[in-house]
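Two complexes follow with chain A in common, the first pairing it with chain B and the second with chain C.
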Partner chain A sequence: MKVITANFVTCAVKECKTSPASFPLHFNDAELEQQELDFQPEFIRNILPRIDWEALRTISNELGFPSLPESKPEEEALNNEQTLKDLHRLLLETHVTEGKLTCGNCGHSYMIKEGIANFLLPSHLV
Partner chain B sequence: MLPTPDTSHVSFDTIYEPSEDSYLFLDTLSSASESKWLSERFPKNQEASPLVVEVGTGSGVVLAFTAAQSQQIFGRRDILTLGTDVNRNACIATRKTATTAIQAEQQPSPQSVHISSLTADLCAPLRPGSVDVLLFNPPYVPTEDLPRLPSAAENDPAVSEAMSRSAKFDNDSYFLSLTYAGGADGMETTDRLLDAIPGVLSVRGVAYVLLCKQNRPDTVMERIRGWGGWQVETAGSSGMQAGWEKLVIVRIWREDCS
Partner chain C sequence: MDYLVRFAQLHETFRRPEIEACATIAGVDIEIITYNEYSPYCVVRLPDEAAARAVAKRSILIKDIFELWGEGTNYEELHADVHRRTQHRWDDYNAVPFKFTVDYFAGTRSQVKKGEIIRSFSYMGFKGPIRLTNPDEEFFVMEEYIDDYEVSVTGVSRTEDPRKIYLSRKIADSCREDVLKYDLKKRRYISTTSMDAELSLITANMALAAPGKLFFDPFVGTGSFIVAASHFGALTLGADIDGRSFRGKEIGKLGIYENFDQYGLKSKFVDTFTSDLTNTPLRRTAVLDGIVCDPPYGVREGLRVLGNRKGKPAVNVIIDGVPAYLRPGFVPPKKPYGFEALQNDVLNFAVRSLVPNGRLSMWMPTTNDEKTEFPVPMHQNLEIVSISVQHFNTWSRRLITYRRLPEGQLSDITLARKKIDDQGTSADDLNAFRRMHMLRGHGTRVGKDQKTTE
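Our next item is the complex of A and B:
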């Protein structure tokens, strides 16, 4: 599971969808693996508009990455190759192989095993 | 004809083997009319990278094809793909099918990126408003009962490995039933997916959903038009006979995306 996935997922419990605390889900006990992927600066520029920057800063911290800038790179900063390379590494090359994703609203944790997160709910939460 | 992704690594004990309905999906998405529509909806250099999500990926053949043939389908290669399935084995299979197909078809880079396969019920874990293209080849066969959803524990690899031969047979049959059994009119699962579409699609979002004749496609389309603000059309030339089944793929999208 690539780190960018966290930008598109939230708690599977219906009642949590409307709570701001359900996004982003929080990584715990995450084991990471780097898988090299060709660096495509244009792709990163095209992905950036999709990224919730505040959420990514939180995730990046939880995974122990160096702090991201306070605001999303725009205009000139988008030509800074190092910035784009750092984002490429974090979003697309970093895989979470084991660990948990926890909802900040209901506290439920979703297990990640061998890179597959399990969002099926136990019967009491369906 | 564009190559079909390799699924030779997939064990079809619990996973749906690519069949006429899967191939109809590949042909429809890569048809001249659909690729034109999608390229205009997601114009390169103007619109951010689309997120393509397939629900119930099975072997992953449809999502892998979409990722690998993104240039033909979207006129751009910078797409992200994500798959969900209630069967963990299908998620593992999809990840491999997608990454292999991208490697095989997109040399040198740029390449599409398969971001993850998630074990989940339909769109349950997806962030509202995040999906640009939603693909669904449902369990559409009318059946007396709808199989229940598996629990997280039933997807634990350690549990199935410890099963006796007969328990494994029952377990495999159960997971296979999830791939085709659609309950009343074959629509019970599709109905839940249709209900989720307005919430999960982005403002520019579009969904492709396969229906068989017993699902009463005309009634389904009429119902979608009744949502208000949504359009629905038969995609490509998918109303044709596919093998012994009469299958159709409908395209559902927001009327006003500006």
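Our next item is the complex of A and C:
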């Protein structure tokens, strides 16, 4: 599961959706892998406005990466190739192969195995 | 300028919506001047040759595109139209190496007659060398006759002479040959429900897949749609309630990823995860440019969501002091779900997740019987862009494309039948399509769900 995907998902439990504590889900026991991909700056430019920057900073910290700037790069900063490359590396080239994602609201954990997160809920949480 | 499109003569109801989508992707205005469902030829108006090239380059159902030099219902009319449209341009072409071809739809001409037809255009004064391979310019006389299919459907009678004749200069081929590249027979990872390459690519076109965009398929299966969207440059995500469908059986390999690898699209693959659309983990915010999907119909694959069947109480089962759901190999219970409920869930999900003007292209089955046809699902925040139909023997399926309206705009949904799902708990009770399809001539039948839960 890539870091970008962690920015788009929250707890699958309906009641958690409205709670600020449910996002971002927190990584535990995460095993990381880097994978080199073609650099796609147009995708980073398009997707960055939809990224929750605070959540990305939290997750980046939890995964042990150097701190991201306090505010999201915008306009001029998006012409800086190094900025785009760094974001490309973090969002698309970094993925969690094993570990757990835990909701800060209900405490439910979702397993990640072989890079695939399982968001299915047991029936008492549906 | 007017251009002549030569379509593939199949998937007829997809052709116009697809070229309109291709024009939207290319960012050009297109006006369809003449279109006949029984003919491969269609005249369109586009700003310039670059626009014509761009539209054709993205289209699966166009074969090739031409600059229209003249049209008529007989040769006299055609020659007059050629004079009127292009006389001032003949000099520009009088020295270039060229080729002149007579082509026809549902007709035939002898070599001698073809020669006569070609010579009848000698007034244009082309003196350049005739080159049959790699000519600089290629001119086509295209004759359209009435084919047997049209005769059988409309009862018109076949005529000896062509109904329509065009003269045109070739501009570009389409990307139709990509259909062969993505042929399921040559794909590493497929299943019985994989969508064929041609319709997958068309679906991706309808939803405007393009570089820089993020696309999602909530019923990803073996990934036919997201592979197609990624072929056109989109980065893609997929989810499925059954993780086995995209993982495959080979240990240590992710089946769906094998397909991205095969086509050199690894950089376009974002993620797949196991989830249920009705209980989706995706945030309630607009992050997707496009959604492409073929939701389960409950016929070949089960139409299920998370939850217990038949009112079994939802309790947290504890085994040996550990909640069952934390034990290895836990499979969450699933229950049958309504056919219309699922489609409404897809629409509601699209409204929440698509950026303004983002598109949802969704397949849905229906019957061939007009009396029991299933209504097209509607939502006031979604505009229906197009509806195309693929007919099978006893049923049909529709590809419906919606556009997420920007906030403040609403579409008219008064035509939508407010319909609640049939009552009940078994797959057959809930799913009218499944009933129509499975019970054809069999009367009632005991469903699997009834057997296992009673």
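Throughout what follows, the second predicted complex is superposed on the first by the 126 of 126 C-alpha atoms of A that agree within 3 Å, B and C clash if a C-alpha of one lies under 4 Å from a C-alpha of the other, contacts with A are read in each partner's own complex, and residues count from 1 in each chain.
Following the convention adopted for this analysis, a contact is a pair of C-beta atoms (placed from the backbone, for glycine too) under 8 Å apart; a residue touches a chain by one contact, two chains touch by 3 or more.
Remember, predicted model here, so these are calculated numbers, not experimental data.
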Touched partner set for A:H124, first chain B, second chain C, both or neither: second
Chain B versus chain C as contact partner of A:G115, first or second or both or neither: both
Partner chain(s) touched by A:L92 [first = chain B, second = chain C, both, neither]: both
Contacts of A:G104 with chain B and chain C, given as first, second, both or neither: neither
Footprint overlap on chain A, comparing chain B with chain C: 1-2, 4-5, 8-12, 17, 23, 37-38, 40, 42-43, 46-47, 50, 92, 110, 114-123, 126
Contact set on chain B toward chain A in their complex: 48-49, 51, 78, 80, 82, 84, 86, 88, 91-92, 95, 108-111, 113, 115-121, 124-128, 130-131, 149-152, 155, 157, 199
Residues on chain C engaged by chain A in the complex (per definition of touch): 211-214, 235, 237, 239, 241, 243, 247, 252, 254, 266-267, 270-276, 279-287, 289, 306-308, 312, 314-316, 323-325, 330, 332-333, 355
Complex contacts: residues of chain A adjacent to chain C: 1-2, 4-5, 8-14, 17, 23, 37-38, 40, 42-43, 45-47, 50, 52, 92, 95, 110, 114-124, 126
Parts of chain A lying in touch with chain B, wherever the complex brings them together: 1-2, 4-5, 7-12, 17, 23, 37-38, 40, 42-43, 46-50, 92, 110-111, 113-123, 126
